[in-house]
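Across the two complexes that follow, chain A remains constant while its partner is chain B and subsequently chain C.
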Partner chain A sequence: MRKFKPSNKTNKYLLALPILLIYGLFLGGGLIGVAIESSGYIPALGLTEVGMAHYMNILSAPNFWSDLTYSLYIAFFAATISTLLGVYMAYRLLLSKHKKIEILVKKIMQMGMILPYLYMVFLVLILFSRTGLISRVMYNLGFIETLEQFPQLFYTPSGAGIILIFVMKGVPFVTLFVLNIMGRIGKYYYQVAKIHGASDFYILKKIYLPLSSTAIIWSSSIVFIYYLGAFEVPYLLNSNKNVNLSSRLYSLYIDTNISTIPDAMAYNMLLVIIGIIAVVVYSQVLKRIVKGGGH
Partner chain B sequence: MKLHIKNVKKNFSSFRVLNGVDIIVEKGSFHAVLGVSGSGKSTLLKIITGLESIEGGQILLDGKDVTHVPTETRGIAYVFQSPLLFPHLTVKENIRFGMEVKKYDKKTIEERVEELLKLLRIEDLGDRMPSEISGGQQQRVSIARALATEPSLILMDEPFSGLDPALRIEMGNLIKDLQRLLDLTIVFVTHDINESLRLSNYISLLDQGEILQSGLTHEVYYKPQNRKSASIMGDGNWIKGIIKANRFSSSFGDVSAIGFPTGEAEMFLRPHQVIIGESRAAFKVKISGISRLGKETQLTVAYGEEFMKIDTFSNENYQINQEISIMFTDSNCHIVPCG
Partner chain C sequence: MKRILIVIGLSVVLSAMLLTILLSMFSYYRYPQILPSEWTLHYWMYFLSVNDLMAEAVLNSIKIGVFTAVLSTTVGFMTGRVVVSHFKSNRNMMMIVYSLPLFVPATALFIGVHMMMIKFSLNNNFWGIVISHAIIAIPYSTNIAVSFYEGISIDMENVAKTLGCGPILLFKKILLPLLMPGILLSSAICFLLSFSEYFAAFLVGGGKLVTLSTLYYPYINNGDYGNSAVLSIVFVVVNLSVFAIAEYGTRKLTRISNYLFE
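Moving on to the complex of A and B:
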């Protein structure tokens, strides 16, 4: 029997073809539909004037650029913190000598990963809001004199609460994703490097980061693009001042005025383009940082 | 560097792997630790490096207790059973690793890398990736990597077990030469009797977590303290007899046994110490078994109730039931009083 060779590129693409076709059909088809409508061509609504006017509407809206900056800010910080913590957790779990703790932590992470975002919002609100559990405990223990002294994390321009929730969902994802690869790399390289006098951090930087770079870049880019596009958490916890792009888009979507549909579609297209550019830049920068460790 | 392993005890949960191991490794010696699979050899080496903790005992380096010193500061080199080269680094980068950790200056690093490549005869491979060289070459790189920072103690865990026999011997000789040339102190773990005999000048026999015997390799080989020690290092003949008036007498005649107490005793001989040939002191025995191993032939001979094993390089065509004459010299005989 001939062995299947994954290095054979043609074969690999052939195997992926059915999936690619299905995704291509749905996504591509959808995207083309959106693109057409965003140009203003929706005969069903009596709109037939084609042009870039709707894009201009959006790009020239007073809050578009600040919304974009805010969205990138949230996605960047949430993804970066999730990646840093996630990679650190994966490395710690890999080196852990306590099997039971390791299993427990993994179980908690799996739960964290499957927990829906809305549940996480409630959980974090219960814990971290000014009238939440932690604030009350600190108040009762005398660490703070009034509940107002507890930092306001939600509905603030800093978006701290949103980032916190994204991090709590992102860390388990990155950890489990990266640990899967680190587990396959194994502990032996760690032992070899230890024998040569290297510190834990040095070993992470020079050995485990470069070796698991693909997993790190993938998982980090996935959470980044997800946070850039996610709307429900920011929608619930945005301040009045800053709104991220996807919440703005959602508001357009649910607008009862049907004449805003081409605007919404143009917005949609812009979000896709921005997302692709942002994630490409993000992953390239990350690649430099992670792979640079080896040299 | 002198290494003293002192009464080391190690458990894996409730299972005792090492039960009070004592070994002294002299500076500049090539010390083999011989034991069957599962006897605790790798565990012992990991304990010396600090990669495994212990339940009792001490590790002393030049008299200093390092039992609680972390691995990265012990300065011991360790060649693992498999090469474990960092797969994303070239051969040169792998060799550099320890020197970069210890912040050697660039020039020293470059010179040392070239020197080691030459020493291990892998000059042309410096810029290759580990996946682009053979297993034997990989193991040489890992040895170069271990030697780079001039460690005062080198541990080797069956480093050649993945190699074919010819390469294995070649690599062994290379290590032996390096050890003499650089005056290295090496602890070499193996389950291969021939390898331990060929390479080491000291040996410790590890059996079920205990050291049966330690000493100069040829002493331990020819003068085992008991049957177990003897059998770990290969076949042997134990001949029952009695010591009386400074002579040991058995069905194979008398040999001198000066200084031994009177009473029952046994005499030990490795099979190749028995000589086939005629002389006044020779005995007639009958061949009861033959196995030919290429250039070597193993005979089992019977003498009355007793059996004996003989190794010979003679290419004579021996037959079952053939009578031959055998003898041995006094100086070859190792006598162990019973009880």
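Moving on to the complex of A and C:
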């Protein structure tokens, strides 16, 4: 009997060609180009000395390590909070008995996911800044006497405002992503475990976390690396003291002094390497936590 | 307790939306005023007729979004086909490969992309921005494509083939109708990604090609509430319309259980 194959070999390469071309030329080509220039080799500018000097420049700069810690701190906290809340929300939505509330919450989540980061910045500023709506309402109700009494969330070293925006965007992403998988798993396990007297949290930890682990690790890692490399939100809301890596990279990249280009490229390569190491560590730790519940 | 939390959350979201609308129509907003006062149409007039750049930016953003959606959805569904039919066992591995752009910090990624755009003379260029946006949209479109192809049984194709169906007819009559909701969903998501994206549009557009987000950014940075509010509303209206169309369309076209909407 003849077997039917979905498509032949030429077909396969033809179908894969566009993605290979786009990734190869622009992603791969870009990174290779950056790597070459980071070694100091830019003949067009008359720079031909090859070496690691520019990496050393960056690594020995006084603010590099504090910028790195600050970036990792923001990415880690924002991603962890988004993941915890997102998984919790997905689980609650799965178990929800109130159809109307469920639909309402889902709609809000979808809204949160499709609104641009820049609009989130605007929303959060008009709500939570010192002159924002909440501060105004508190003033009028007599909870605070001057606006200085309202906590400063933006342009501060704590990065609270940045984390807040990231969480507002990250929770919907994780929730919808995880709910998609949890919805496929269904409620049956929950009902069976419930009959045997397991608590909600125990069921989540022992059944739903391990079963939806791929979706959780996946979505959480994506938001983590996104927060590490995000530009516009930190660039708008950074304090003068702490600047995250991507804002620093951008400032270096647009520097009018041509001789800093290799430094910028070295910075770029370091950000890529740091990003990859960080996301691998992050996802492995998360994997251990999420899957650990199954044993 | 749960009810109270939902009510608080909802009222915060709604009041923020309402405040945005008010800020676009009232010019005076001094602390500790709760709501702005002094009604004005200045900001809307500025958007609609005074500053031509604004209309141009919105139009540019929509055009870039549409082309990004078409390009990334096409590439995504081509790739999805290869992944589903040729990589049965190492699907997770393939998922990491086609999602690579998402695992490179965006700023670093786009500076590399910008360099290549300069090499190909695509900087300050419409197509340059489209391709840059496609790079971050393709992982999502491919992911959607994979989950839709997985829902199509190979038997269906085999039956058609035994009846003498050629590849073009097979695609048109069997695959396309089943994939349609996925294609729509993917297009909507890619459009939204592109429409909201700032950094690549700014870097590759180089200030020569203005999009809604590159125009929006300085207003927020300068704390210009009135103009920010107007552009925010434009943003939200376009995004919600695209989302609503996609949701309605997918519901109408759905033949297999789908990815994001329920």
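Things worth noting here:
Operating definition for what follows: the second predicted complex is superposed on the first by the 271 of 295 C-alpha atoms of A that agree within 3 Å, B and C clash if a C-alpha of one lies under 4 Å from a C-alpha of the other, contacts with A are read in each partner's own complex, and residues count from 1 in each chain.
Here, a residue touches a chain if its C-beta (ideal position, glycine included) is under 8 Å from a C-beta of that chain, and two chains touch if they have at least 3 such contacts.
Quick caveat, the model's predicted, so the values are computed rather than measured.
Aligning the two structures on chain A places chain B and chain C side by side, free of any clash. Between chain B and chain C, C touches the greater number of residues of chain A.
Of the two partner chains placed by the overlay, only chain B lies in contact with A:L211; chain C stays clear of it. By the document's definition of touching, of the two partners only chain C reaches A:A16; chain B does not.
By the touch criterion defined above, A:I58 reaches neither chain B nor chain C. Contacts of A:H196 after superposition: chain B is touched, whereas chain C is not reached. Shared-chain residue A:V121: touches chain C; no touch with chain B. The angle formed at chain A by the C-alpha centres of chain B and chain C is 80 degrees to the nearest 10. Judged by the touch definition given at the top, the superposed model places A:V243 against neither chain B nor chain C. When the two complexes are overlaid on their common chain A, residue A:A266 makes contact with neither chain B nor chain C.
Between chain B and chain C the least C-alpha distance in the superposed model amounts to 17 Å. Across the two superposed structures, the residue set of chain A contacted by chain B and also by chain C is empty.
Touching chain A in their complex are the following residues of chain C: 6, 9-10, 12-13, 15-16, 19-20, 23, 31-34, 74-75, 78-79, 81-82, 85-86, 92, 95, 98-109, 111-117, 119, 131-132, 134-135, 138, 142, 154, 157-158, 161-162, 192, 195-196, 198-199, 213, 216-217, 220-221, 223, 225, 228-229, 232, 235-236, 239-240, 243, 259-260, 262.
Interface of chain A with chain B (complex): residues 188-189, 191-199, 202, 206-207, 210-211, 294. Put simply, chain A touches chain C in their complex at residues 4, 6-7, 12, 15-16, 18-19, 22-23, 25-27, 29-31, 33-34, 37, 101, 104-106, 108, 110-111, 114-119, 121-123, 125-127, 131, 133, 135-137, 139-140, 147, 176, 180, 183, 214, 218, 221-222, 225-226, 228-232, 236, 245-246, 249-250, 253, 264, 268-269, 271-272, 274-276, 279.
Listing the residues of chain B that touch chain A in their complex gives 49, 51, 71-73, 75-78, 80, 84, 86-89, 93, 97-98, 101-102, 145, 149.
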